[in-house]
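To keep things simple, chains are lettered A, B, C and D as they appear, and every chain counts its residues starting from 1.
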């Protein structure tokens, strides 16, 4: 499989996630970065382009120009990676989709439900690949969890608890010139939500990915714990899921001392599963007698987990490898050929633009519920089937 | 210190907690069981009395007779331990208080707020010791947690998450003749709540004991997950605590595979603490940089934890020892002398009748909130200062 | 079952283990302490006797007098608990055996192989019960481990690693007037070994109890890490076990920061088991594919573990409860009736005087090997079958 | 910094470690693979070259031809990565060193002490960079451990325990056509040792890297547990380290169920450290009071750990990232410029050819000791200072 030529929008000096995307794309050797619009400041964009060894004429400060030029070059980019602050996702994605270029875009997809719907429409219309990097679904043991749930290993699901706790905003970092905190705490750039938009969407997607359950109604209680902060930094969302399954989501950016504590628990009639992102290579299954079976990446797991695994058990894989799995699946979708087996006809497993739109809807419903302190319905029809597999 | 002569009401054949109380009372050698009304069935009461080596004339089937007779004997009981189903707590406690006998009573204190208030009144009036066995506060590292919080080790508290998850009612045990499940699921004997009454009160008390925070308002979502069940078996309660502290309580009896998973987390401005009942000898403190300090029972901990410790670190203490600490403190209160140091003038540390009443109020407010799906105020004045220490 | 009247030799002011024995005996209500010779200093012995509420005429300063008098009283003791420093075990045990009184004695059994052999002989001759409190075998999950091994769950055993690491002697405590360290570090009172005698015998017995394997030969490397110390405080012993099984024992008193870290690992052809004393309610079984099954006390375990369990899973049991199991089994042996089920005809499971003698032999062989830096044979015939069960 | 052009010898179809090297080299974008001799079978070499997108004329089947041709091309490789079975390391490394090409070579360095010495000599003579991929030293928290030890955080070191346990050779895989097991179990290709050569050298290097201690003498007990196996699959090595520090190494390939269990413990007079490869982002420090401080990658750690860190705490980094750190340091050594900071004048931190030679000496001394069952001296002078840092 020849390498996919890609460009990047965002990811200039001081950015964090741009580098992660580039490393993830590099791990399996399936992508080649050839172009970029790393900053709207021409000097900064050129500086990053140079550091990355790009040809000067393929580094832009205007993403619209980039889309236009690259779409017409014979060796132009096939895909664009969007790692800007949230408020730009829509504009950038739209421009590249219209130029016929595949999109790999960070979450949350957009800062309004209407924009999200428009991207869904455009993607479908153009028949392009649109990947939203809900990267936690790239972990092999999350794929195993999904398999086990769907195979009925837990019996009927009864309760889901998903938590994403961070402590990095325990102080008012945004007032201290911290670039990452600044834009995430600014409604102009982050959209109407901080905790929910930045990490709640991950928690929501992870829950949905593993259980397949839709949210019927939700009740949200958002809090802005630190004075002087513009957006919420803590949230609890009660979920009324399909079939009466009870769900709880806890999200926090002010949980002092927590790093990136994502904990997913699914309780079924027969067994439960537990997975923690900070210990991603294990999946704990507990039966009704309390006996715990701990499955390990690289061990006796199913084909989906195995396909997402690069190393034998006991050689820890981490965040970059999970991210790389999204890229690997995206490559399979773009090329129409499975990157691992080389066979065609597989249905790649990645978070789609529909998944992204569903996450945006979740944010807005939660804000509405918190405002009214009432249960609010979610728009079920939006959660069209996504990330299918054979 | 001479042994305290005590009697027991409840705890006959098939009971579980009666044996725990007896073992806890025996550990330090401070109590002697001399009387009992173990069952309203005379034959069963006699059988248990005989197994426990009691004199036949001090075994009763009528707890009223027991109170009357024991109160007049020169060698009569000084304290009574009440381990009946919930609906009898009030009647039994009242009778013994009126007979001038100290009471050690299981939780929840009563099945109505009015009854709880009456016991508070009676206890105060008679000047007797009334202990509610919220036994999880007997763990040494919980005492350490309380000390650290009150000494400001966490900075201002911002968020509290307390969870008590069990899985033993994942099947409809009450329909299969399981004695413990039967009365806990029967509104006649358990009162208006199952999950909240049986374990939610523990979670509530533990949170309150460690943080000292009062609940201003709460929002509860109760669920009865198993069809055919009379009372709720799952609950989430959002807590609006003093000073705007955000709280979440999760309680479940249908969390398949969970044994007795109590997890308390307190997040402050400077640090957080984590404690898990299934690993009770550790207390994790995490600072804002994410560095974790794990304190161990028997190690470098303060006087309250040390006082509650029998063995050097690394020799695990468990549930019975935590329970025994409640008994030890009760003995100090009854005798007016510290059981460990032998000095008088200490203020023993145990859950009082006021703590018990507060727990009952919590149950009723939660039920009210769930019914109305609205935030409900808690009666702050009821949470009078309890379990004081010097 | 009526309570067993017992006396204690040792366990006076400043002792640690005496209190543990008394609490362990009290937990199930099966024993009554009625006599004692707590110290050779009459005042100290009286002081402890008074604290424990004993009749003054049953408190002695001379254990010989105690044996003589108690053996002739109608209500005299049926068993004696010996918790003196090691060098007195032999003398005390001999006197009580000769008086026809059952013995419960701390480890190591004696300070010479000859003395140990003599106690074995005497016990057999008199037909008395002699229990050596290798208390770690009292843990329910150790019993489960033994069952699983003997049922072939691991396949043929290939390798055993047992470790007992402590850090409390990382400083020269014995020079600072620390009573426990003083006698353990004094060859006159501890015998020829400190680390091996005090904790190595536990590790040895635990390995032997779980696997049933005899040691054919051993190679020991002992070290005295702290200058000014009279006996070894660190040891590695290579074990050549039956059937060519490879064994490693690591024992240390200078492993800074370790509390009571006992770790047992048994590797078989098909699976392995792991157990840690500081987390005693779990037993980890790992299959050859690396999948781990964690069994919990109170869960799906066999009859021997269940018999040794007092509380449902999730209510931690600890050191005292494990100790109490030894007492419970001793009671069954003394009474000839199972304490739990009330049936006769069971074979109680406790460490016998033969187990104690085997431990003494282990110490002397290890010292010999270290001296010669050569592999040394163990006297297999001494390891007669012990702690039988049906 | 322009990318380093490199070639690879070994790593053809069915190989495992070749792919890891390529991913590790790709993560930071500092290397470009341009040439290879992936197999001595021309078809297989071509197949791999094509899969990796190499120009056909830069794919060889004869590594000697590759060295010759590449050395003379203007755009020839600057470095070679050697991932062949052990017996070829010497020949290949020698040829490329003589061609003036830097070498990155897998461990063990060679299959004889003489060959290792010759590579040390050649490297020094030519002034080239020679990296041995003792990759576990690439983990950030291992660098933190080294810093803390050398800063005296543990006080004087007293005891070191290092363990590397695997279970993958619990069955006779080499007889079932398992490629990895085959050559590792074949003295012709693996050299005179299996467990020690393959993983013991890692354990040895890790211990040495963190503590800086030399081995004065050792005593080894090797075992070949599975019948029909040509080389040892289990080993215990007692280490007599500098300053009388006691050391124990346990290495196994037949520890059923273990994946890649590397555990390093260093006990000092004041504190101890514990690190486990399967949980690499944590470093546990335990003080003499038993209080444990858990440090996390990305948290409050020193400059060396920070330099080796790509992601914020809580985003797990794993094996590939640790491997990539070796490559990053190698790049700094080859370019003379720090890859992270861009400054020159730093001393890169990587395992040198001297470290490799020391590991080979360790293997041969251990075999000698096992044969004679006697303590054997190690050649101290060979352990010249390596992996220096400023």
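Just so it is clear, a contact is a pair of C-beta atoms (placed from the backbone, for glycine too) under 8 Å apart; a residue touches a chain by one contact, two chains touch by 3 or more.
Source: prediction; values computed, not measured.
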item	value
Chain-contact steps, minimal, separating chain C from chain B	1
Third chains touching both chain D and chain C	A, B
Farthest chain (mean CA position) relative to chain C	A
Centroid spacing, where centroids are CA-atom means, of chain A and chain D in whole angstrom	35
Chain centre separation in whole Å, for chain B relative to chain A (CA means)	44
Chain centre separation in whole Å, for chain C relative to chain A (CA means)	55
Residues within chain C bordering two or more other chains	258-259, 289-290, 292, 296, 298-299, 313-314
Touching residues (chain side chain A, partner chain C) in the complex	289-296, 298-300, 313-314
Residue ranges of chain C touching chain D (in the complex, touch as defined)	154, 158-159, 161, 167, 170-171, 219, 221, 223, 225, 234, 236, 238, 246, 248, 250, 252, 254-259, 265, 267-272, 286-290, 292, 373-375
Of all residues in chain D, those that touch chain A in their complex	2-3, 16, 19-20, 22-23, 26-29, 52-53, 166, 168, 258-261, 277-281, 296, 298-299, 310-321
